[in-house]
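Here chain A shows up in two complexes: once beside chain B, once beside chain C.
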Partner chain A sequence: MDKETLITQLKEIVKPYAKNEEALLNINENTDFVNDLKINSANLVDVVLDVEEQFNIVIDNESMERMLNVKSAIEIIEAKLGAQ
Partner chain B sequence: MTGLGVAAPNGVGIPAFTDAIKAGTSGIRYDPELASLQFSCQIAGKPEVSEILQLQYLDALELRNFNSSGILYGLIAGIDAWKDAQLPVGADLEPDWDSGTIFGAGSSGLDKLREAIYKVDDLQVRRLGSTVVPQTMASGISAWLGGKLALANQVTTNSSACATGAESVLMAYERIRNGHAKRMLAGSTSDAGPYIWGGFDALRVCTFKHNDHPAAGSRPMSASASGFVPGSGAGALVLESLDSALERGAPIYAEVLGGHVNSGAQRGDGSMTAPNSIAVQRCIREAIKAAGVEPQEIDAINGHLTATGKDALEIGNWSTALGRRGKDFPYMNALKCMIGHCLSASGSIELVAAVLQLYEGFLFPNINCEDLHPDIAAIIDPEKIPQQLVYKELNLIAKASFGFGDVNACVILKKYK
Partner chain C sequence: MIGNDIIDLHLACRESNWQRKGYLSKIFTATEQEMICQAPIPSDMVWLLWSCKEAAYKIVNRITNVRIYNPAKFSCTLSGDKEGAACGSISYEARTYSFISHRNDSCIHTVAVSHNIFLDHLDIYTGSSLPVHLFSDKSLIKNQDGIPYLVNCCTYSPVPVSISHHGKYVGWVQKKAIL
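Entry: the complex of A and B
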């Protein structure tokens, strides 16, 4: 799966939680979930659960802590998918 | 009191609720879920809340995985009351240090808690997501309201079983009177559904004789009363100091003159589930004393009156406490005839009805007591229990609620002139 497809899928996942629509529209590798998209930090666990469901992967606690932006999310998803 | 809101089984929103209580419209319906779960009592009262209505109080994100009927009802009643008092609502508000809430609940989000318990037992704790705690913590409703209304004074939830709603009004009243807040949103809410009602069904305190004719099921003061009908919903009342209300030019529905809360300590004839009559009488007398009025001045009573075997005892306690009987007894009303027993929400929904009675000058009809219990007729003149809507100027209404744990609360309301 290429990066663009991954970002498009991530965009759909974070859409219900993102409070900043402009940042969501311009989502890219450098987008931060809390600072840019203004996602409530409590909702980050929901984003992780939705990612797990979408890609059929399990994200461990250490990875979960790191998953604060698009870049780390892509890294984690790619690593988990690669390990399957 | 400058704002009212309600989500009741027979009407959501003040206009619909006012029409319903005047018309004697029952909100009790057959509940197929209770029937399929083999409840003895298969009728219940639930506010009807469409998805479109929900979206007026919760946004799409908040409604994701939302499963707490009590919080939904409380938000409808609380936000409506705040708007009714012409106070601002919205995410962009600055903290309002002078406004708070005491919004009671018996439990919170039982359906949500059930979901969570199943996941935890299935070793899925990590998949609970972020929504369990805010929907199942006891103070969930006051926390949600605090955020919606930018309340920055005390934000808390009280809990005293079926006395919760009346108690919340008195706690809010005291906070304002003590000068700690200018405005308080008082009220209470109760979840709907089998998990909250099951325990009462098991106690055999709910009627099982009216599953085929729900609207006739809730029969306070009736000779054929056979137990209460479980209900749910929320009521809310904005209390503020007279200075604050006048300064804002807010319409004033009624005045809280005072009240009293106490407990019978589960001694004498009191127990976890039964009231100690001495405490009930004392609560009424102390409330009247605190209000600075005479028992003779009370025009009407909005009773607790659940339609169990205790209604005649309650009437007797009122009669003893007030020293009034027969034709000299005040008018008596029991809203549970239309909405059932809304448990922790009952006091506040019934208080909203009492305030409307004072404000508009009417006595709502007591439906389902065409066969008035002879023990009650022996104490008070049947004319004092109107079965039809009566328009009448009222000055003082006493409202009492009693709850498990042998707890009592009585509020004295006065028409504002």
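Entry: the complex of A and C
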């Protein structure tokens, strides 16, 4: 799966939780879930759960610890998919 | 060191479905999940524990300057009530932080400190807008990492503050000024 496809899928996942429409529209590898998209920290867990469901992977707490931006999310998804 | 977190309970109820499968186990320890199950009002316990973790995280983040998302690593213990406020501690790695949490009908405001002796020396404000009366002769500034400080306009001495927003509410805590 290429990076652009992953970002498009992530965009759909974060959409219900993102409070900054403009940042969501311009989502890219450097987008931060909290600082840019203004996702509430209590909703970050929803993002993690949605990613798990969408990609059929399990995100352990050690990986979740880094899942604060698009770049890390992509790295984690790719690593988990690669390990399957 | 201080950290605080405020939760607008009406907004939290709309924004988060904590009953969603997998939600609690991702962010709460087994003991905390048990506390939630046993609580008379489980959702109140969810948000009390969540606010404790957030308040302690703000202290840790202030010290380490590293951002992480691992709420289950912050383990909360309730020790009782003090004049209607919930008290207890939060453990993270080798450190323990004390907290006090006030609640009213629609808001939970939790303040964590690096040592419980500091709990009696805080100005805690819970309201719907920034408490400008607390910094009439001071400037509110943020350092390059976004950490807020109050700076006295005459002496330039910085006083750490912790500010939290959620929905209709603003939480503010700072060390009491020494007179």
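For this structure, a couple of remarks:
Convention: the second predicted complex is superposed on the first by the 84 of 84 C-alpha atoms of A that agree within 3 Å, B and C clash if a C-alpha of one lies under 4 Å from a C-alpha of the other, contacts with A are read in each partner's own complex, and residues count from 1 in each chain.
Operating definition for what follows: a residue touches a chain if its C-beta (ideal position, glycine included) is under 8 Å from a C-beta of that chain, and two chains touch if they have at least 3 such contacts.
None of the values given here were measured: they were computed from a predicted structure.
Once both complexes are superposed on chain A, the partners chain B and chain C clash.
Applying the stated contact rule after C-alpha superposition, one finds that A:D46 touches each of chain B and chain C.
In the superposed model, A:R66 makes contact with chain C only, not with chain B. In the superposition on chain A, contact of A:I7 is made with neither chain B nor chain C.
When the two complexes are overlaid, the chain among chain B and chain C that reaches more residues of chain A is C. Judged by the touch definition given at the top, the superposed model places A:I74 against neither chain B nor chain C. With the complexes overlaid on chain A C-alpha atoms, the stretch of chain C that clashes with chain B is 99-107, out of 63-71, 99-107 or 153-161.
When the two complexes are laid over each other on chain A, chain A has residues 42-43, 45-46, 49 in contact with both chain B and chain C. By the touch criterion given at the top, residues 60-61, 64, 127, 129-131 of chain B touch chain A in their complex.
Across the complex, chain C meets chain A through its residues 12, 15-17, 20-23, 26-27, 50, 54, 67-73, 166. By the touch rule above, chain A contacts chain C in their complex via residues 40-46, 48-49, 52, 61-62, 64-68. On the side of chain A, the complex with chain B involves touching residues 16-17, 42-43, 45-46, 49.
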